[in-house]
Each structure stands twice: as C-alpha cells, then as structure tokens.
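Multiple structures are listed underneath, in structure tokens.
The two complexes that follow have chain A in common; it is paired with chain B in the first and with chain C in the second.
Up next, the complex of A and B:
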C-alpha cells in the first residue's frame, strides 16, 4: 500500500465559537479520494487546511509529508479548485490561463504550450478565445479545473466540482476527473454532498459530518455500515396500492406511505438491497407498472447522523 | 506525471522561487484598466485639460529655463488633483473589492503567493496604471519646456526634470493607500469608488472649515498635503505657518496605516473571514 499523501491527526479547527473540524482524523492515499458531507460538514475547511491558508488549532496535518501552513513552496505540488465562482468574466480562457501560469512563475513558450495542452485536456480549446462571462456552468467548471492543473500539481483538490451542473455535464466532468488520475497521474481529493456522485469516481470515500470523519474507507465497507440504516425510497408508477400492501408484509420494510394522488409511494426500509433484489418478484406478483425508483437525497443528513451515532 | 496521449509533461521550472510574480498581478491590472472605456475617457480628458494645453502654452511662451516654481505650479493645480482623485477612485475600486466579492483571493494565495506579494502586486498595478497620468505627462511637460527654453542653463533644467520624476512618483503613489483601504472594506466596487472619492473630498471640506482657526488644519486635506509635499520636492519649502512635524505625521497617516489595514484585511480574507 502506498504512503498516505495526507495525514490529519486529531485535527480541530474553529472560527470563534463555530467549529469547522472537530477531532478530525483521516489518511488519504494515492488515487482519487471522495470527501462526502452535507453543507457545513467541514469539507471546505479541510481544503483550506490542505492549501495552508488556515492553520489547525489542535492536532497535526501533513500533506505529502510536510505541514502546509505557511509552506508556500509546497503549493507548486498542489492544485486547488474552489467551489465558488472566481473566474474573471472579462478575460478569455486563454488570458485566464496565462494569468494563472504567471502566478506560478511560468512564462513564454512553456506557458503557451502548457496552456494549449491543458485546454485540450479539459476540452476547452475551441472556446478558449471567448470571454468567460459567456461560458456555461460546465465550461466554467472546466476552466477552473484547467487553472488548477496548469502547473501540473501532484495533488489536485476539487471542492464540489459537480455542483450546479446538469447530468450530461456531470458525467463529462466525472469522466474527466477519472482521466486526470488514470491517464495523467494526479492524486485527487474531490468533495461533494452527494455520495452517489463520488461513488462514480472512486471507491475511497470519507464521510464528514459536523466536522468529524464519521466513516472512511472503501465504499463497500461504508455501504455495510449504512445497510442497517433506514432508507427512504420513492417508487413512482401505476397500480402501486397492491405493491404497498405487499411491501408492508416484508421484514425489511419499516413503513410505507402512499402519496395522496397515488402516483408514488415512499418506502422506508432497513435493508435497501433486499428491496431492490425483490422488486422483480413484487412487480410480477402485483402487476404494478414502475416508472422510476429513487433514494431520497435529503436522506443523507439522517444517514450522517446515524453514522455519527447522534 | 504518467503516460498521456497529448504530450503532457510536468513543469520542472523553479516556480516557488519566482520572486517577481507580483508583476503578473500588476500586469493584469494595467491590461484591465487599459481595456476600460471609462478609465481611458477620464485619462484622456484629464491629460488634455491638466497637461496637454499647458505643454503647448508653456512651450510657445518665451522662457529662459525650466524652473521649480513652474513645475510646482503645474503639479499643484486643482485639475491635476481632481483628475488624480477620480482615477484613483476608479482604479483602486477594482483592486480588492472585486476579489473580495468573487473570493478570488484564494486564487492567489493557493498559488504560492504570500499576502504581501499579493498586496505588492495590487499596489504596483495601481501605481503603473496611475503613472500614465501622474508621472509621464509631467515629465513630458518638463522635457518640452526644457527643449524650448531660450537660456543656456540646461543643467538646472535637468535638475528640475529629476525633481519632476520624484514629484510624479510621489503624486502617483500618495493617494493609492487610501484607495486600497476603502476598497478592502467593501465587496462592491461602486461603494469603493464612491467611498474613496467622498473620503478624499470630505477631508478637504472639513479641513477648509477649520483652517481659519489654525493653518495646520490644512494637513487634514490630502490635496493640501500633496501640494505641500510637491513644494518640498521642488525645494520651495513648507508654508511658514505649517508645523513640519505635523506635516510628516500627516504624510505618515495617509500612507502607512491604510496599507497596514489593507494587509490585515487581506490576511483575514485569506483565511475566509
């Protein structure tokens, strides 16, 4: 197993009376690592600590073996893509990369060649001469990532790179992020508040909740932890009354709620895998027509509470 | 880093040891302003009214040499100060307020740039941009007057040209700390621009009210302090009724504390406060 590239040991960080991270422990190894947590979980605080713009109050944080605090020279090995908009809208994509490259001390032909490579890598070559104010959300995200990989960092930090994007763009970005690791060797820490999105990029996941790493490791291990936690699943379709009656009798069902317009039911289950496995049989039994099934995303909050033991 | 199909190769330069990267920020500020129609319009009108006419008029008027009195009067005229205030308000309003609004400070600080490098870059960018009005036209005026002088004493004229360079640098720099300070206190560039403009003029108005009681009240007005410092640079001295120590304290107050406040604000913003 490779050496950890990030080690956080008993890290606490607070802003006045607000706690950002609370006795936080994590070891991140090479590859892609997903950091999942709801808003306010401490994801952005974690990234700021990694970049060294803030200092831990208690504990120790090592990035590639060195403390990031006031260690500017280490930033040549780190590429940071924040979650918020910061692109200068009056610049073109090429101008932006030239500016960012300049901040990294790159210039001349080296910078021009590298900018061209990075634009190609993120699929923005054709739009690079347009002003970024006219870019779509997906294009802006690509340019933000381009700016963070321009200096070829070993470690890439992507803070919520998929937020606000539509499913098509999301898929493209996920493929791109996977490619940055697989084909170009960047170690990547990517955050999201949607477990499902992170799961499509990596199996190494840490779940953050209220400043703590409530679970970390392989996604299958985390899924095992989650398996006993009640999940809410919405099933839409026709003929759902019979399906609801059948589900009530199942041992994994905690509750079934039929929507007032009878277009859907919300099933609370303790073991969702068993529900999914038994669905073909249930459909055959009841003759219902299923249009869609989805797990409620807002259930994540309760999942985190469950994992944190609160 | 790894294999790739697009000639992706690691950059192996000495990025972290690049000591002049603040110039990248300065360069972007200059480019940004030179693309601004409003900035160019004020710059052209200001240069025409405050200098171009004077260059033509003074050059064709018979004169023996370039004198300190002539240059001091040119650089102390009200038009020069008014346009300098407008340009400082416009240029400085963009510098920190915009970064604060867009949170782009992290863009700089996460790329091996210290807060002091960031501040130096902003300061340098504002200086270079404002020098187009505050430094170069006075030098052109001084050279034009020297070139058309009738007397033989070019040495004394050269000395005045040198003093003009110093005066131009000082005039360009003097108001920037106040502009940066106001810009660091808000995340709206309009507020920053109006705030800078109003701060400079309100100080002037208050100074004008109280100056009848004591001449030292002039030192509350940045315009008066700038004019007096021009006289000092051109060797004409301070007005007798103005206290030298208070004059020094005023220069200090208009420059150093605002920059310290800006630096503190950058540190705070850098950690997300």
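Up next, the complex of A and C:
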C-alpha cells in the first residue's frame, strides 16, 4: 500500500463560534478519493486547510509530508479547484490561463504550449478566446479545472466540481476526472454531497458529517454500514392492519405505526433489504393491497446522523 | 531560479491587477472628478487673476491635498479587500508565489494606476487653466513638478491604504477618518502637530520644487522629507506584506 499523501490527525478548525472540522481524522492515498457529505459538513474547510489558505486550530495536517500553512512553495505540487465562482469574467479563457501560468512561474512558449494542451484536455479549445462572462456553468467548471491543472500538479483538489451542472455535463466531467487520474497520473481528492456521483469516480470514499469523518474506506464497506441503517418506510394501500400484525413479528422490524385513517403504515426497519425481499410473501400471506412504498430516509443527512451515532 | 520564478509571477500579477483597476467601473468617478477639476480651474482662470500662483494654489488644493489621498483610499483600501470578499484572490493565494511578493505586486500595480490617473486629472486641470491664460516654460515646469509630487504621494498613501485593506474588514471608514480628520483637520492646525501627516512632507518637497502659490508656505528640509516618506512607505509595505502572509483567507 502506498504512503498517505494527506494525513489529518485530530484536526479541529473553527470560525468564531462555528465549527468547520471537529476532531477530524483521515488518511488519503494515491488515486482518486471521494469526500462525501451534506452542505456544512466541512468539505470545503478540509480543502482550504489542504491548500493552506487557513490554518488548523488543533491537531496536525500533512500534505505530501509537509504542513501546508505558510508553505506557499508546496502549491507547485497542488492544484485547487474551489466550489465557488472566482473566475475573472472580463478575461478570455486564454488570458485567464496566461495569468494563472504567470503566477506559477510559467511564460513564453512553455506557457502557450501547456495552455493549449490543457484547453484541449478540458474540451475548451474553441471557446478559449471568448470572455468567460459568457460561459455556461459547465464551461466555467472546465476552465476552473484547466486553471488547477495548468502547472501539472501531483495532487489535484476538486471541491464540488459537478455542482450545478446538468446530467450530460456531469457525465463528461466525471469521465474527465477519471482520465486525469488514469491517463495523466494526478492524485485527486474530489468532493460531492451526492454519494453515487462520487461512486462513479472512485471506490475510496470518506463520509463527512458535522466536521467529522464518520466513515471511510472502500465504498462496499460503506454500503454495508448503510444497509444496517434503520429506515422508515411508508406503505400505503388497503388491508394494512393484517400486514402491520405480520410485520411486528419480523426480526428486522423495529416498530410499526398504523396511521389514524388506516390508509398507510410507517415501518421502522433495521435491514430494509429484507423487508423489500419479503414483501411478495407478506402480501400473499395477508391479502393486503399495496399502492405505494417509499422511504423517508432517502436523504444523506439521516444516514450521516446514523453513522455519526447522533 | 527562485528570483526568476517570482519575477514572472510579479509581472503577471501587476499586469492583471493594473488592467483590473483601470477597467473597473470606478473610472466613471475618476472622469467626473477630472471634469470637476477642469470646470473649477476653467472658472477661476476666467474670473480670477489667472496668474501662475493662482494655478499652483488650485492644483495644490484640489488635486494634491484632496484627490490624492481620497483616490488612494478608494483604490487602495478596496483593492485586496474586495478580492478577499469576492474570492477572486483564490488564484493568487493558491499559487506557489510567496504571498509577500504577491503583496508587492498589488502595491506596484496600485501605485502605477493611481499615478497615471492622478497625472491625467492634473493635466486636464492644468490645461483648463493655463491654456486659457498663458502657457510658458514655468507653467510646464509647474505641471511636471506637481506630477512628481503626485507620483511620490501615490507611493506613500498606497502603502498605507493597502495595509488597511488587508488588516480591517471595513477599511474605508477608518481611511475616511484618517483623511478628513488627521490629514485635513489635524494637518491644518498651527504648530508642530501638522508635521505628523503624510501631506506635510509631500508639500515640504513641493515647496523646494515650486516657487508659486500656497505650497510655498511649507518649509523644511526636502531631503529629510523624502527620507521620512520613503521610510513610511517601506514600513507600511513591510507590515502589509507580513499581515497578508499571516492572514487566513477562508
């Protein structure tokens, strides 16, 4: 197994009375690593600590063996694409890359050649002479990524690169990010609040919730944890009293609540897969008629709460 | 190697920031100020005595004493502060360029842009006055001497207001307080207290260059004044660069 490129140990970071990261621990190795968490989980704080624009209050953070705070020269090896808009809208894509290249000590033919390569890589060659103010969301994301890989960094940090893009652009960006790792050798840390999007890029995932890494590792391990997560499932239909009685006796059932108008029941189960698997048998056994079934816990928030033990 | 790297970065930052300052919508305010100066000087030229003393006093009062600190404040205090607030500073602070060098880049572009704008305004005002009275060698010398004072003033005031923009969230209010209360009010008081302003030292240098108008009222050693101004600019610049390096930019 390769050495970790990022080690965060007992890191806490707060902004006044607001906690960004709370006793946060993670080790990131080569390849693509996904950081998943709802808004406010601390993903962006983690990235800002990695590029050293903010410093940890407690704990230690090492990126490629060195502390990033006040270590500006290390940014030769790091490319950062933040989740917010910062592109100068009056500039063309080419001028923007010229500026970024200059900040990285690149000039002349070297810069022109590299800019051309990067524009091709992100699929922005044709639009590069247009002002960025006229770019679509997807084009802006591509230009942000172009700026972050221009100096060919070893480690690439992509904070919510898919946010606000349509499904077609999202697929293209996912393919591009995978290619940046596979074909160009960049180690990548990418964040999202949508698990399945990250899953399409990597199997190495860390889940963040309220400033803590609540789970990390292979996606299949995370999935196992998720399958044990108690789910609230609403079943609507007719003849539900008998179904409720049968469900009470099942080992996976935590509780059953019959609605006052008897039009639905809310079942809390520890293993939702088993409930879904046994439904045909239960229907046949009780003679109920099911109109719909839906989970109340589809949002990641409840999963994170569960994993965090809250 | 390291020096070459930083020089390339410095050039990129100065070019980018200068363009950004010049293309900013605030040029409308600058144009209005230039027009106001032109109208006032044109009016005085037609209604007043039209002497070179009168022209010098006008340039000193309108541009050197008023516009120089005000424009330095407007552009200087907001330059880095605005970039922090709208996050356009991201590209600079996540580049390998030493933040202290980046700060010097911001400072240089601010000085250059301010100097250019102030000299243009001065030239417009000068032309409005002297083209309607008389242009001679002395009038041209007056134009150039005030231009030099404006450039010197830009370098000193920029170092102060850029520092305020890095350290404070609302630098404009503090800057206005400084300009109107300290520079204008305290600076006009009789006695030694008036010497504790940037404006005083600029005018001491000016009194050695310009023998016309109310700037001649200032007396003192021009060499000492130049040293004081250079020291002030250097101290403000060093503190600002240090504060910028230490600053967390969330």
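Criterion: the second predicted complex is superposed on the first by the 241 of 310 C-alpha atoms of A that agree within 3 Å, B and C clash if a C-alpha of one lies under 4 Å from a C-alpha of the other, contacts with A are read in each partner's own complex, and residues count from 1 in each chain.
Keep this in mind: a residue touches a chain if its C-beta (ideal position, glycine included) is under 8 Å from a C-beta of that chain, and two chains touch if they have at least 3 such contacts.
What you see is a predicted model; the values in this text were computed from it and never measured.
Overlaying the two complexes via chain A brings chain B and chain C into a clash.
With both structures placed on the common chain, the touch criterion links A:73 to chain B and to chain C. By the touch criterion defined above, A:193 lies against neither chain B nor chain C after alignment on the C-alpha atoms of chain A. Using the contact criterion defined above for the overlaid structures, shared-chain residue A:152 touches chain B, although it does not reach chain C. When the shared chain is aligned, chain B and chain C each come close enough to touch A:82. By the touch criterion defined above, A:170 lies against neither chain B nor chain C after alignment on the C-alpha atoms of chain A. Looking at the superposition, the partner that touches the larger set of chain A residues, chain B or chain C, turns out to be B.
Applying the stated contact rule after C-alpha superposition, one finds that A:99 touches each of chain B and chain C.
Touched by chain B in one complex and by chain C in the other are residues 15, 48, 51, 53-54, 72-73, 75-76, 78, 80, 82, 84-86, 88, 90, 99-100, 102-106, 147 of chain A.
On chain C, the positions that touch chain A within their shared complex are 4-6, 8-9, 11-13, 15-16, 20, 23, 86-88, 90-99, 245-246, 248-250. Chain A contributes residues 15, 44, 48, 51, 53-54, 72-73, 75-76, 78, 80, 82, 84-88, 90, 99-100, 102-106, 110, 114, 117, 120-121, 147, 151-152, 154, 183-186 to its touches with chain B in the complex.
Interface of chain A with chain C (complex): residues 15, 48, 51, 53-55, 70, 72-76, 78, 80, 82, 84-86, 88, 90, 98-107, 147. Across the complex, chain A is touched by residues 1-11, 13-18, 21, 24-25, 27-28, 32, 35, 102-104, 106-114, 270-273 of chain B.
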